[in-house]
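Dropping the structure in here first, questions after.
Going in written order, the chains are labelled A, B, C and D, and every chain counts its residues from 1.
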Amino acid sequence: MNVGFIGLGSMGLPMARNLAKAGHSVTAWNRTRARAEELKGDGARIAERPQEACQGDAVFSMLADDSAVEELFLGPGNLVAALGARTVHISSSTISVELARRLVAAHQAAGRDFISAPVFGRPSAAEAAQLIIAVAGPPQAIARCQPLLDALGRKTVIVGQDPPAANVFKLAGNFLISSTLEALGEAFTLLRKSGVDPRIFYETMTASLFAAPVYKGYGSLILEGKFQPAGFKVLLGLKDVRLVLGAADAVSVPMPFANIVRDHLLTAVARGWQDDDWSSLARVVEENAGL
Amino acid sequence: MNVGFIGLGSMGLPMARNLAKAGHSVTAWNRTRARAEELKGDGARIAERPQEACQGDAVFSMLADDSAVEELFLGPGNLVAALGARTVHISSSTISVELARRLVAAHQAAGRDFISAPVFGRPSAAEAAQLIIAVAGPPQAIARCQPLLDALGRKTVIVGQDPPAANVFKLAGNFLISSTLEALGEAFTLLRKSGVDPRIFYETMTASLFAAPVYKGYGSLILEGKFQPAGFKVLLGLKDVRLVLGAADAVSVPMPFANIVRDHLLTAVARGWQDDDWSSLARVVEENAGL
Amino acid sequence: MNVGFIGLGSMGLPMARNLAKAGHSVTAWNRTRARAEELKGDGARIAERPQEACQGDAVFSMLADDSAVEELFLGPGNLVAALGARTVHISSSTISVELARRLVAAHQAAGRDFISAPVFGRPSAAEAAQLIIAVAGPPQAIARCQPLLDALGRKTVIVGQDPPAANVFKLAGNFLISSTLEALGEAFTLLRKSGVDPRIFYETMTASLFAAPVYKGYGSLILEGKFQPAGFKVLLGLKDVRLVLGAADAVSVPMPFANIVRDHLLTAVARGWQDDDWSSLARVVEENAGL
Amino acid sequence: MNVGFIGLGSMGLPMARNLAKAGHSVTAWNRTRARAEELKGDGARIAERPQEACQGDAVFSMLADDSAVEELFLGPGNLVAALGARTVHISSSTISVELARRLVAAHQAAGRDFISAPVFGRPSAAEAAQLIIAVAGPPQAIARCQPLLDALGRKTVIVGQDPPAANVFKLAGNFLISSTLEALGEAFTLLRKSGVDPRIFYETMTASLFAAPVYKGYGSLILEGKFQPAGFKVLLGLKDVRLVLGAADAVSVPMPFANIVRDHLLTAVARGWQDDDWSSLARVVEENAGL
């Protein structure tokens, strides 16, 4: 298939590479062109302008935040108008439910297909094509793009026919991860200040009741206080929790755990840790206990 | 080995039975004698008075709460004084760190061995001898009791030499479970009110990032709203969260997630759900969102 | 002085009337013209288009929310361009700090004077010209408008030279009021469920330690459960708490009390109380305790 | 009247002195006798043993906490048994509702009159006989003691006939004060980090909407960061918030504001500020925002 890719950050680059490796013809664009050059060895074509990436069977967008997506697709860039008649826009960025809804309207008005397909996984999972992809949109559009999604992840979950559903799904997942960070931080801090080695607790729990990747991976980072290099930065985590709270506010859902996570991430920023891994919110918990 | 067992509730009864099945000679006592009779078929001896259960190699106590333990062992019952010279008291009740500390002092004063050995697992895990046992106490005492612990669970974790360490460990574990209930409740409610089926989310998460027994088991209960029969009642959950907060207060550790769990369990009690499963705290989250 | 007035809601109408009564020549505009007609008897001129209100010595804007202000002044309406060369724009709406900042930039670009002057007080205080007005902006512009401000309130507080400072000031004040509602709700509920008449508590406190208008006024509403007619609606309160949290987020300040207020107002909305007085957040507190 | 006084701390000493000054015959006892000697100049008699203070028309107790009261009156001291047949025990200590309830039972069993009469006010108010006294108990007993209460405060509020009612009342009042500390801390921090002088805010609010002693007094302490000397220490504040939460838990009332206050006081303790004024919880708020 002919596929465009817009946004070659730490997630986008390996995703685009995997599409090329799977035999698809990739046209990639990135604001900073130097970054795009890294794809050349994989046989991808580097676009001069983002419009060039919007003419194939589909185009992925994987951008940093709402404002980047809005600027390129709805605002000055107006890429929605540049989409080919049969080009499906696959939005994989973690964006607000509200922007997803506006994108739906803009694509409908332009007579173009739009699906939301945010992904779960760190850059290493993107490289290994082991992402989990939550997809929502018109069934035929999803079906057409399935070979592309298969090249990126180990599992595609169809969440519904309304694209924003996938964005809520993604935000709910990130919320669950962030709650785990806080809960582990509190449990470890209680143990440590009580003179109990949290490592034994970590090993016991992750070998039984909580034998899950999120507990194993993040629990280990928190125990070791290893917040650099950041797999996912405090600032990105904060952005996502804001999106969670915004989505919840829009449907009148109080989320007290999300409040606490947000507050601790704000404190992390206020202390200058914005570029540390977001698991450093556990460090805020520790400092609140005098550690 | 000759072993006593005091307290034959929904956890204590299957534990005592497994000791008998493993070939140990069990002397069991329960406040309500009828309950103890159920053990007769397993070859256990039924004690008339709790003192009779305190003369073997070890005696387990598995009681409802602090006041039951305090009354029997420190207060009017004064069972510490009734322990045989070589009888190790194995306290498996979920009690406060503070009471565990007083028990240590009382046993030391009486020249008796005391170990804390609270367990993780529901009654079904107790029946299947699949408990996880967190143990702390003098190493030789633990070593002597190891065959007994092996008859009860699939894993014994040695937390430390100071018995209260095992109690903190147990409370930290229960806290982690309770946080999961709240986090799942919030995530599901956000999805539901956004028009997204939380079942797909549940299945995706528990097959990947959160592929852990606590998420699978409780997530399913919450999705189905199946709060009866209760595996672990709201009132017991509330008791435990109080113990968590008490232990945290004693070492100056704020635990904001525990506060929220406590508040939601209080609301559950205020609404008359004290005998429902404690996962019904998710129902409080739902009602706060108007569901 | 010649003064325009844009936005004749429950606050704007009595404010415009007081300007006219004080002898100023008022040109008023309101989206719904019928509402503006009420001012005729006071000698005000009714404008057909909002631009007509922007030509005097100053023009007040008193609009419902960010989007109303943005639409009229920055967006399609572009009233900034319609301001007379010497017309000071006095923004009295409760808006976000972020929008205030954009208004500053737009007025500077157009070479026009802009001051923020949000007000404290309910409609009855507006009618009695007893508002407290927080003002920030260029000192000369404020000085020129002082006679107008004097016609509206009993006190003008100069907060600073940067207009958004007055908006933060206003939001901090509303936050303090909202915290009082929650605190009173919690205290009264504790008393009531303990069998103590909260009325005695209310009377004692408001005659001594808390002898302040906010405690007297709102305490009485909460005690009587008198949430209709609403002096300030749940939806408006929620809007303001969102602005508080947004302003706090922008400068990395966690505000846990504001979180709780927001959550309880969300629950109020979820229960259909959006048009009740925002003191009905105390009813959420009561219901959480089973009352 | 003949009146005993047990407990001559920073509150008890001036209270006992005021009783003597009002012409009552005072017999005072304090654990540390040197402290009691200070009363000699006021004509009070110093008791060797607390029992001697329990024989007049009434005896006040004003002790540090639950354990002091319990030890003297119910435990080893058993002063309830030492009360004269017509001696009313007036308990002015800030104690738990639960202990108040046990004191009621013990006095009833002994056929003695017991009233709860906790006070509002700092040591300076005690000296000036300007306390506010919340009283609950049998009406005749209160009536008999009224002349004594009049010597101590400017107002006696009769809360009910069940003594613990006065204890809940007192705790609800302290909760309201503690919430004010947190709310002011959050508002000031938002302003400060937004570049707005919180002093102007403080002066405006305490001259209008929040023109109340608690806001004036504590607001000033927080603004100046003047946490030494402590009028009321962090540790005492923490003790009281624990009592509030305990009383609320007993009647299934969630109090989220109290949770936050407790957590911030715990952090204050964890940082070594246990002997600072409890308004230093605002400093925790500031530090969480990076100030």
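Things to note:
Everything that follows uses one rule, which is that a residue touches a chain if its C-beta (ideal position, glycine included) is under 8 Å from a C-beta of that chain, and two chains touch if they have at least 3 such contacts.
None of these values were measured; they are calculated from a predicted model.
The chains touching chain B as well as chain C are A, D. Of all chains, the one whose CA centroid is most distant from that of chain A is D.
Copies chain A and chain C of the same chain sequence form an interface built mainly from equivalent positions, shared numbers / all numbers used being over half. With centres taken as mean Cα positions, chain D sits 38 Å from chain C. Counting partners per residue, chain C has 248, 252-256, 260, 263, 266-267, 269-270, 288-290 as the residues that reach two or more other chains. On the side of chain D, the complex with chain A involves touching residues 263, 266-267, 269-272, 288-290. Here chain A touches chain B in the complex through residues 97, 120, 132, 134, 155, 157-160, 162, 164-165, 168-169, 171-173, 175-177, 179-180, 182-184, 186-187, 189-191, 193-197, 200-201, 204-205, 207-215, 244, 247-248, 251-258, 260, 285, 288-290, going by the rule given at the top.
Residues of chain B touching chain D in their complex: 242, 248-249, 252-256, 259, 262-264, 266-267, 269-270.
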